[in-house]
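Below is the structure I would like to discuss, written out as structure tokens.
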């Protein structure tokens, strides 16, 4: 439905003594890809929070095919395949400079009212921004 | 088959501006639980590497039920349910101070020769240490 | 005037590909030592924030004498040498398991009103807690 | 003598519950600026390590003037003011999008033989690359 691509470079602090990127940092890479995707749509996660919504994770699954190394320039593809209701699901694919797919991930985020900490449905303004982006692709 | 428990306290650096622990740190908590489990068996992950084996992740799945907060003293249970062959699978449950289960996870780690970067089967000495631990429980 | 000691173990995620702890994590170790010191006094940094005060850094200086390694059990000494006014200064010394001093640090934290984001003097209740601790030592 | 500039965006994982960037991440920002500076000179820190040299910190001093926030696009200036001998000293200035200087730092890195872990002088090839860069500026 929607697909976004961004690149980022591996930092020294992200590589552990095995010489491979520490697995916990993939969560951050997903977040970097997701934030860039949202920015491409003319929104930002910062604004989402300013409008009173926080989006914590419900689940996250990752598969590690090949390691990433210091200074690698990686590409992440972020996909959204359906309109959000009580949650939004993202799919991620990370590629190295040779175009090899090294990691895939999937996660779902809830919509939580920042003040009450109660779950809510995806706000209308959020759904509209996604819909406008889908319409552009046609 | 085997179950280990350890506790740890949430650090200020681990909590993001939503006031909840940032999701990427759960990978580190799993690692803290796993390292403590291995230490209980009289081994250490450090020794494993010194014996020429690194153990990168193959996959990792997490479910987030409730947030964790700054200064929380959390308990992590780590389970191993079968003898490792080409990989070892760990199961994790994280509880807060009220005994509420806030997160579950599962991951599988490969055995890689540190020099050749080739996959290998679980070393005999590793399997024996696990077996000895299983025998203790009987 | 006041001195506190706590221990912590180096996590795999904290060691970079040089095999040494990544330098940025020393800031977290200082924070772990500081939080434990405050907890010893019967307070917690969590409570400080709940009372409406945040304490960002003004400066931080570190000296690195020897590296720390994965799985090391380190000891951190935290010292406060004078009563806080507009700021509070902490001194840190980190030792490895052989008792070797591997790192020293110093930082000063401001007192900021959480709502207005304005600097303030150390709250009376904070100074009283410190004074009570000093009196105990006599 | 030499000055380099790069930009980077604040990640969600880098902001703590005070709403400000956690102080420990400034070490990583210095490293990002330093790595970009070295890359501009036609070298990379990765290559430095491949040539058998690791460069751990000797000291690091930071001053925090104003907080940085989630999603801020920051600019870091990195300066080298003299040729390295047993160590190399870097100076950092970080600016926010309004051009306000929010942080300054300084650190010195040693040259350590990767195999022997012994200190060494700055390698000739390293000094030559710096010298070539200085000559360009004239």
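Letters A, B, C and D mark the chains in the order given here, with residues in each chain numbered from 1 onward.
Here is the rule we go by: a residue touches a chain if its C-beta (ideal position, glycine included) is under 8 Å from a C-beta of that chain, and two chains touch if they have at least 3 such contacts.
Just so we're clear, the structure is a prediction, and the values are computed from it rather than from any experiment.
With centres defined by CA atoms alone, the chain at the far end from chain A is C. Taking B-D and B-C together, the chain pair joined by more C-beta contacts is B-C. Between chain A and chain B, two chains of identical sequence, the interface residue sets overlap for the most part, with shared numbers making up over half of the total. Inter-chain spacing, taken between the CA centroids of chain A and chain B, is 25 Å. The mean-CA centres of chain B and chain D are about 34 angstrom from one another, to the nearest whole unit. Chain geometry summary: the mean Cα position of chain B and that of chain C are 28 Å apart. Residue positions of chain C with contacts to 2 or more other chains are 12-13, 17-18, 22, 24, 27-28, 31, 70.
Contact residues of chain A toward chain B in the complex are 17-18, 20, 22-28, 31, 49, 54, 56-64, 67. Put simply, chain A touches chain C in their complex at residues 12-13, 15-19, 22, 24, 70.
Interface of chain D with chain A (complex): residues 11-13, 27-28, 31-32, 35, 44-46, 69-71.
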